[in-house]
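Okay, structure first, notes after.
Chain IDs A, B, C, D, E and F follow the sequence of writing; residue 1 opens each chain.
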């Protein structure tokens, strides 16, 4: 089976630099796959991406050696298994709040006897190799999102679920759940405490800690702190940011022309 | 009929700041439409965009007040007319090299007696208004690309075709045709001469001069020179540039990790 | 955040006249959005519409001021949240039969602390405004379908769920559940009783009453009765009805030609 | 090969009642195919339909016995041949203005030695039968649109091209070419004269006369006059008309609510 | 309502020869529908097929008399009901492990009072007939997959659920659940015992026994054993097998050229 | 620039074994790319493939080292250039009948000064390398189809066009043009003579000879004769053939069941 280089990087103790795809397009997926990311996540939750486009994007990513991952729309076996069969080498699952949900998620990623994933890796085996059914359980990455106060309170029971490889902090949802204004700095006390709680638990349980950031500065800070799976912005944010910057630079010659705006989330 | 604000800006003597869409996605089209551009070109020539996606992108742009334009794949009536029926308020046509080609192009954009466009503005009339058939000839913009030595030699005969609103310089093709290396600076002598030739002819014929640039600095320089329709990069370039910058910034902590590359064209 | 004019109409005490989209097409969605409806529902349950087409239809509707709504395929968080992130300003959820189901549905439409919707309004914030995360909870409409005897028996517990804005009667399912032949008149006693039961409960709980009808006469009658969200037929029914009428009118000159049929549901 | 029942109806001297598809959707195509039309035209010129959707629509129509036809985007061999290979049993070609154009069009519809169509009826043979290559030349219908003054002046040379089965009048383009306001009555003198000119020439050359109409009354009048291929409106017009009628009927209770509009073309 | 000929074949005591579609394409679906299968399953679980493609494939199959079936992605009402509304005349549901799951599955396929399917057979009624709502409960086939040890242990409680028409053995998942290597022979003792257990229970409960096979020899053996719904390979396997055979035959002239591989699952 | 291994194989004097894609699916394209072919042709002429699917298929092929080629729908610059920009490393052009047509075709494949291809290799440069604009002229393969008597008569003038790399015989069209029944044996005298004429001319002009075959036996015979680019069947034929064989084998147990048919072309 094709090597899941995310595991290799982790074994070296290094952080995985991950790109995030919310644009529903196989072209932007292929384009992003050439920019140097270690892995790319096809986001079928908040990305504007359904299954059929996700499939095309997973194909596009595998024109390169970048590891294709996907975020499932929810903690549901159908979506998780379809993304795996389509060739994702790992799943990030939103809103895993307790042990039962963590077990349901991990089970959906693993064949029996470790889980209840149904066998039929139609594209996955073509892409990753004929021995897929035998090797997938040890290769596929299962990463649970920690993004609520409930999950914070249950970090130990979540992280002790066998087969869970990593956890991933979603700062926006976590902020809302903590009663903070969404979009605030990672460095604000309440959020920092929560982030530290998760990271410490991860280290305790030998689970990889991952986190979403919205700037390279934050990404570097989180790597420094010990996170080993770090995302820097989304493709949507990068495109709107770059376009907004260009328009603003050129439009200063036409001060009257209407205001422009970028996407805030 | 809905006002074509490109004409309004031109009547004020100001430059139109145009965005360029090569990503085949209604989402990125809608996203770009919120960044402050005056107009957006759906590029069905070198963009990875076929008719069906172009239609969706034209719909997406018209969720805003940005003027939707399109580049036809070639100087062919079928493609030009389908883009107009889909709601583009102007067409940029590649490789217009002589008077005959300019007439064929302009004719495809105009109803009789000014041209031979066939009537059936299925979406255009819904989007732009019930009086579309009566007003389209004076609203739709016809912009011919000047990008070969042959066209340079024929600037006067091309620009004197009635109904041609603007010309647009494609520096990459023009460079190749001039025997220059593609991707070079606009400021190199041979290219600058060609650009000046086109702009002077445009001023002489009361035709708008337009040009493609790949940086805000170039865009500002060209506006300064007298161009009144200026594009700054493409969406593909913006996304790959921003992603490459982010990866490079974060990966400096992992110097061994493989090189990344952005898209050069 | 963009005004949800459905709430404005309700505040004036007037009925919302809603159109219903089952055709999987961004073009028919845009076409319908120009016919004068207050709102349009993209039906991902019985409409032949998956997520990717729903997204395109929501974009198409927002080329106008018509309020985009969607029916989720089922009472499932993944589908509900994806439709909201794609820009629907309200969700109609089928088969809400008891308080637990009503809470699950309403919770999926609301950010914490009112619910468990996950934050990531990728298109919604572009379309509706930068303050989306702060305002969505009070703007987004949650409308539960009452269409079974079980739901009839539980109207009070359903309607007392905080955050539920409206209920919507599906007469076909309700008829089947009541043991009636589907497609019968709204005026038949058993069905009328059920309709009245729901409407009275709605008035009692200060929840808006909504209902599906299959003719303008029925729509007017229901408005008269007190419903404030009324649908008149579906796009599929309108198209087949109009086509059937045209064929029949012209074919009377060719009596031998085979029978034609329209769609009954 | 599957019987082309259009020829059978013509052999009986009866008119073919044709439906017109401009909505890009396999669902509306299938829906229309159940309404009693003899044939349906997938319009890839002014319909919002590209090749990929046209293919899906041709499949949808062939779930019934209705004859699938298509309008090519222009008089171009690539588009014409792709539609035929996809299973259209006839092509209507826009803007055929003289003998040379008529020959180019008919030649694209016929295999050698009658024309220059390339052999490879991938779907056509599956749908229409294994003997397709042997029978297609006598089954496929070639119908040229007469819609300019130039074409009017050349009716005889156009209609005497061997293999041309029918001509079809496009009243909107013909009106514009005649200097009339588009959308006027078929009965206005100048247009009526032109229509009569075409019909008489068709009878003279034993070619079928066809015409586009926008009401059942006009359709019946044209059949009465001698046309044997008559279209009544388009699917887009039918849907917008029916929706507009419904909204207007219900909104009379809310006179203040904004004006609604239907599609004029 | 259109006859469900699967029931007719079963009433004659004969086996249904079923084809299996995993390629996401309406063209291959139509092609397969002409090869002589009694029924075709659109596999939305392990097939690379989402809802929108499944709809197109169901349309393509119904250009013929072959019975269209679908496998749902999971035991979920939303997916099951959408496939039925799209025109599938039966559903195969994966991983039905106990009575509760069997009841949930069968209930999703039946209108009240037999189940909880929601009424709105948008395409199903167009395809299968105006009396669909009245007849669907007795025509639609509900087939539960038996593919785990848990299901084996619960065969009697599963098969005694009223309205379950058939069971279907998935040998790959069953092998894994039994602790066997996936892809082994049906004839190995442990698997054979399990297969016999299911078939005997099926005969006992007057439920049809179905099974997946990967060769015509296995298919014939299973029919001989008493199975009455038998699949022979998948379209993906057939295509890769035929291509691999052709390449190998021609490449023997170029022994150095790299190894080729076919898809193993 | 990525090596075009077709040229490498030719330099070794060996034949290229080519697969042919007519199924509009990125999945079947990826599947075929794993079967050992040297190159794959995405057929946008007789394949049921439009531009948007062709793009996805070219991406799918480039998940492997197989060389992606495409057949243009016709000898038209727009289609040819769009396929090249999408990443095809060579174009096969149908119906090249004389020197003028050959020059038009080759010119569309080459940048100035060798041709008139427009610069903008959006995906091609990402896939094939940053130096694409400098190297494409010597890497991209231009292959003209010889498939009419006119072309046979003009083989020398066609093959002497500078930059033409190869010719490709289409036996079905050539048979029809020769007055033979389509689908006959390559070995029949008239066709054999024509094939030999083309091959001899190719050897004379140092142009590669290519040919379409419909069996491995024919492919081997043609390689033996001296052809160095040989196709064996199409994906559509392979799938229908394999399916038909399977159905026939299993249905012999049910002799009464209706006849099955495979696709003849």
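The rule is simple: contacts are C-beta pairs under 8 Å (C-beta built on N, C-alpha and C of every residue); 3 or more make two chains touch, one makes a residue touch a chain.
No experiment lies behind these values; they were computed from the predicted model shown.
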{"item": "A-E, C-D or A-C - pair sharing over half of the A-B contact pairs", "value": "C-D"}
{"item": "Which of D-E and C-D has more C-beta pairs touching across its chains", "value": "C-D"}
{"item": "Intercentroid distance (Cα basis), subunit F paired with subunit A, Å", "value": "41"}
{"item": "Gap in Å, rounded to a whole number, between the CA centres of subunit D and subunit B", "value": "34"}
{"item": "Sequence positions of subunit F contacting 2 or more other chains", "value": "24, 27, 31, 34, 48, 50-52, 55, 76, 123, 126, 236, 261, 263"}
{"item": "Of subunit B, residues touching subunit C in the complex", "value": "26-27, 30-31, 34, 55-56, 59-60, 62-63, 123, 126-127"}
{"item": "Partner subunit A, residues of subunit C touching it in the complex", "value": "50-52, 55, 76-78, 81-82, 85-86, 111-113, 116, 118-123, 125-126, 130, 132-134"}
{"item": "Residue ranges of subunit E touching subunit A (in the complex, touch as defined)", "value": "22, 24, 45-48, 50-53, 73-74, 76, 79, 94-95, 147-148, 170, 172-173, 176-177, 179, 181-183, 236, 261, 263-265"}
{"item": "Subunit E residues within the subunit F interface of the complex", "value": "14-15, 17, 19, 23-25, 27-28, 31-32, 34-38, 48, 216, 219-220, 223, 230, 232-233, 235-236, 238-244, 246-251, 253-254, 257-263"}
